[in-house]
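Next up, some structures in structure tokens.
Okay, so subunit A shows up in both of these, paired with subunit B first and subunit C after.
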Partner chain A sequence: MRILIVGGGTGGTIIANNLSRRLDSEIRNKTAKITMLSASELHMYQPGLLYVAFGQMMPDELYRKQATLLESSIEFHVDPVDKFELDRKEVTTKSGKTYGYDILVIATGSRVMPKKIPGLEEGSETFYTEAGAVSMFKKLREFEGGNVGIVVGVPHKCPIAPVEVTFSLHDYFKKRGIRDKVNIKYHYPINRIHSIENVAIWAKPEFDRMGVEYETLFNVDEVDVEKKIVKSMEGSEYKYDLLISIPEHHGMAVIEDNDLGRDGWIPTDRYQLTMEGHDNVYVVGDTTNLPVSKTGSAAHFEAEVISENIASIVKIGVPVTEYDGKVYCFIEAGHDKATYANFNYENPPDLRAANKSMHWFKMSYNKMYWTSVRGLL
Partner chain B sequence: MTTEKDKSPEAAENINLDGLAELASLVAAAQDALTDDMVTRMASAFSEGITLLDRLTRNEGLIHLLQELDRPENQRFLISLSNAFTAASRDIATAPPAKGGVVGLCKLGCNDGTQEGLRLVSLIAEHLSESMREMHRRGG
Partner chain C sequence: MSETKVIDACNTYCPGPLMELITYMKQAEVGDVLELLSTDQGTASDVPEWVNKIGHEMVSSEKVGDVWHISVRKAK
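Here is the complex of A and B:
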């Protein structure tokens, strides 16, 4: 059984390692083989970018060599896929090589699309890339006071990020002793301050306590870089001195180019995590079109289900389990306390008051992540 | 010693509350004493430790080595090996530097200790090569 994993992010790496453990004897007797194709030789811990943006982590702390994270039985190539030929059970890579498979896992992830909004890329800071996070920290460091706006595009990776960055901005300016010189205004595209209702209910009094202003139904239309004004489709404007944006995301270009899904999101069975119409193709993490958060946590819980099912298909010919939509998200409520949201398809999150122990749990997880992607946690 | 009075529900409740208060004060003390960096470093060490432990416990060769080391004769061999390192380290410090050449090599070869040593090393090498050949025969 040839198992091909395309993409070496959180989901792809966990599946590869988990399968390597589950199929140890099959790999040894050569009845199963795991191959991973990735676009990069490095693996990035993406949630760490928020810490880089506030000077709490250095960029090099976010990376490990992908090969060091994989079990030795996994064949790994840095050779991104160019063409998916699902009917022929083949993919072709940028280098021109063709890889056949019996089971395919697509774990290509997502990307920011700031260019979709005129002026957004030039006029705002964002922490979704390494260069962006470093630039944002330098801008924050130079900032001496004025209007700071936060604007959000949908869909985007890590739904909690807009709230987290707002709390972090408050704590950052407070620590520098200039919070009274800074007006923070949070803008959100729907008619409440967060898409997850219980997060909105929890965050609103926190914003009030911190003196953060907020405006809902604010969908960014354009950014006037010269005048430093961000305009919404609804007709309102905000004059800023520093604009922080969370841009709209799409799936990766290779998914759109191969017509596998609109905007790069692949239509996925919400329980089996297979691509609609293709039982031998699994989709994990950001790449799915599922109504769950695009987070490492969702990718992790999906990966557990996918690897258990692929292993059982190899061993007994049928899948054994289903994904229930589980996501467990840490929420940093500033620089010294945190809480978490635990939810699935049926049950919304029930948020508790933020505390320091949860913050430490999150700080610890930033390091435990490497144990997690190795398939141990 | 537990008295009848200690066993009353009120006493048990007090013990529970005292325990909780102690735990709370321990957590508060840890929060005051530790910084984010310290927590991060500990988590990092724990994470790498677990990974290492996982690799070690799934390493067939290492597990076999540990099983072999359980045999008393192998433990004695390890003791002898470490003693030999100590003695060799001392001897090398006091011995004059080798002069080189075939004559020097012949003198060394005539030494009964050298011959004993060569015999031990060649015996180990003989068993090792036999074992490796057998492993390859089985497709390992």
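Here is the complex of A and C:
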């Protein structure tokens, strides 16, 4: 059985390592083979970008060489896929090589699309890329006071990030002793301050306590870079001195180019995690079109289900389990407190008060991630 | 040619039904009708509030069993 994993992010890497252990004997007797194709030799811990944006982590702390994260039985190539030919059960890479498969896992992830909004790329800072996070920190460091606006595109990766960056901005300016010179205004696309109702209920009094203003039903339409005004589709506008954006995301271009899914999101069965119409093609993490948070956590729990099912297909011919929508997200509530949201398709998150120990758990997880992605945690 | 697309946002908490509708509304053409399915009680009031503010058109809203079926036409 040839298992081909396209993409070396959180989901793809956990699946590869988990499968290599489950299929140890099959790999040894050459009845199973795992191959991974990635666009990069480096693996980035993306949640760390928020810390880079506030000078709390250096960019080089976010990376490991992908090859060092994989079990030795996994064949790994840095050779991004150019063409998916699902009917022929093969892919072609940019280097011109062709890889056949019996089971395919698509784990190509997502990307920010600031160009979708006129003026957003030039007029705002964002922490969703390494260059963006470094630039944002330099702008924050130079900032001496005025209006700071936070705007959020739809859809976006890590739905908790808009809340986290708001808490962090408050703590950062407070630590610098200029909080009284900074007005922070949070803008959100729907009619409460977070999509998870319990997060909105928890965050609202916290925003009030910190003196953070908020406006809901604000979907960014354009940014007037010269006048420093951000305008919403709903007709309101905000004059800023510093604009922080969480841009709209799409799936990767190769998904759109191969007509696998609109805007790069692949139609996926929410329980089996297979591509609609293709039982031998699994989709994981940001790449799916599922109405589930685009987070490393969702990718992790999906990856465990996919690994268990691919292994059982190899061993007994059928899948054995289903994804229940599980997501567990840390929520940093500033620079010394955190809480978490834990939910699935059936149970909404029940939020607890933020505390110091959860913050230190998150700080520890930032290091433990490398164990997690190896499939050991 | 306009079309009706069904968005199944039942039993989802994040990003949630209205965020799903906004995502698919961006992909739709003017005149398309989107039917949002949701088990979230708040959706029945959240969606019309956004639709009216942004200037799209509410087509229908009804609860069938535990599921809200809310249809919206993209107007601009």
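Throughout what follows, the second predicted complex is superposed on the first by the 377 of 377 C-alpha atoms of A that agree within 3 Å, B and C clash if a C-alpha of one lies under 4 Å from a C-alpha of the other, contacts with A are read in each partner's own complex, and residues count from 1 in each chain.
Convention: a contact is a pair of C-beta atoms (placed from the backbone, for glycine too) under 8 Å apart; a residue touches a chain by one contact, two chains touch by 3 or more.
On a predicted model such as this, the values are computed, not experimentally measured, just so you know.
Enquirer: Clash or fit: subunit B against subunit C, after overlaying the two structures on subunit A?
Expert: fit
Enquirer: Let me test your reading of the model: by the given contact rule, A:Ile196 touches which partner, first (subunit B), second (subunit C), both or neither?
Expert: Once the two structures are laid over each other on A, A:Ile196 reaches subunit C alone.
Enquirer: Counting only touches as set out at the top, which of subunit B and subunit C does A:Glu234 meet: first, second, both, neither?
Expert: Second partner only, subunit C.
Enquirer: Have a look and say if subunit B or subunit C is in touch with more residues of subunit A.
Expert: Of subunit B and subunit C, C contacts more residues of subunit A.
Enquirer: Go through the superposed model and pick first if A:Met363 touches only subunit B, second if only subunit C, both, or neither.
Expert: A:Met363: touches subunit B, not subunit C.
Enquirer: Tell me which partner A:Pro155 touches in the superposition: subunit B (first), subunit C (second), both or neither.
Expert: A:Pro155: touches subunit C, not subunit B.
Enquirer: Going by the contact rule set out at the top, does A:Thr92 touch subunit B (first), subunit C (second), both, or neither?
Expert: Neither: A:Thr92 stays clear of subunit B and subunit C.
Enquirer: Angle at subunit A between subunit B and subunit C: what is it in degrees to the nearest 10, using CA centres?
Expert: Given the fit on chain A C-alpha atoms, the answer is 150 degrees.
Enquirer: For A:Leu376, is the partner it touches subunit B (first), subunit C (second), both, or none of the two (neither)?
Expert: first
Enquirer: Touching A:Ser73, do we find subunit B (first), subunit C (second), both, or neither?
Expert: neither
Enquirer: Aligned on chain A, what is the least Cα gap between subunit B and subunit C? Give it in whole Å.
Expert: Between subunit B and subunit C, the shortest C-alpha distance works out to 29 Å.
Enquirer: Which positions of subunit A sit in both the subunit B and the subunit C interface?
Expert: Touching subunit B and subunit C on subunit A: no residues.
Enquirer: For a test of understanding, state which residues of subunit A touch subunit C in their complex under the given definition.
Expert: Residues of subunit A touching subunit C: 154-155, 159, 189-191, 195-197, 217, 219, 233-235, 248, 262-263, 291-293, 325, 327, 341, 343, 345-346, 348-349.
Enquirer: Given the complex with subunit A, which residues does subunit B contribute to the contact?
Expert: Contacts found on subunit B: 27, 31, 34, 36, 39-40, 42-44, 46-48, 50-51, 54.
Enquirer: Spell out the residues on subunit A that touch subunit B in their complex, using ranges where they run on.
Expert: Contacts found on subunit A: 56, 336, 356-357, 359-360, 363-371, 374, 376.
Enquirer: Mind listing the subunit C positions that touch subunit A in their complex?
Expert: Checking each residue of subunit C against subunit A gives 8-9, 11-20, 22-23, 26-27, 42, 46, 49-50, 53-54.
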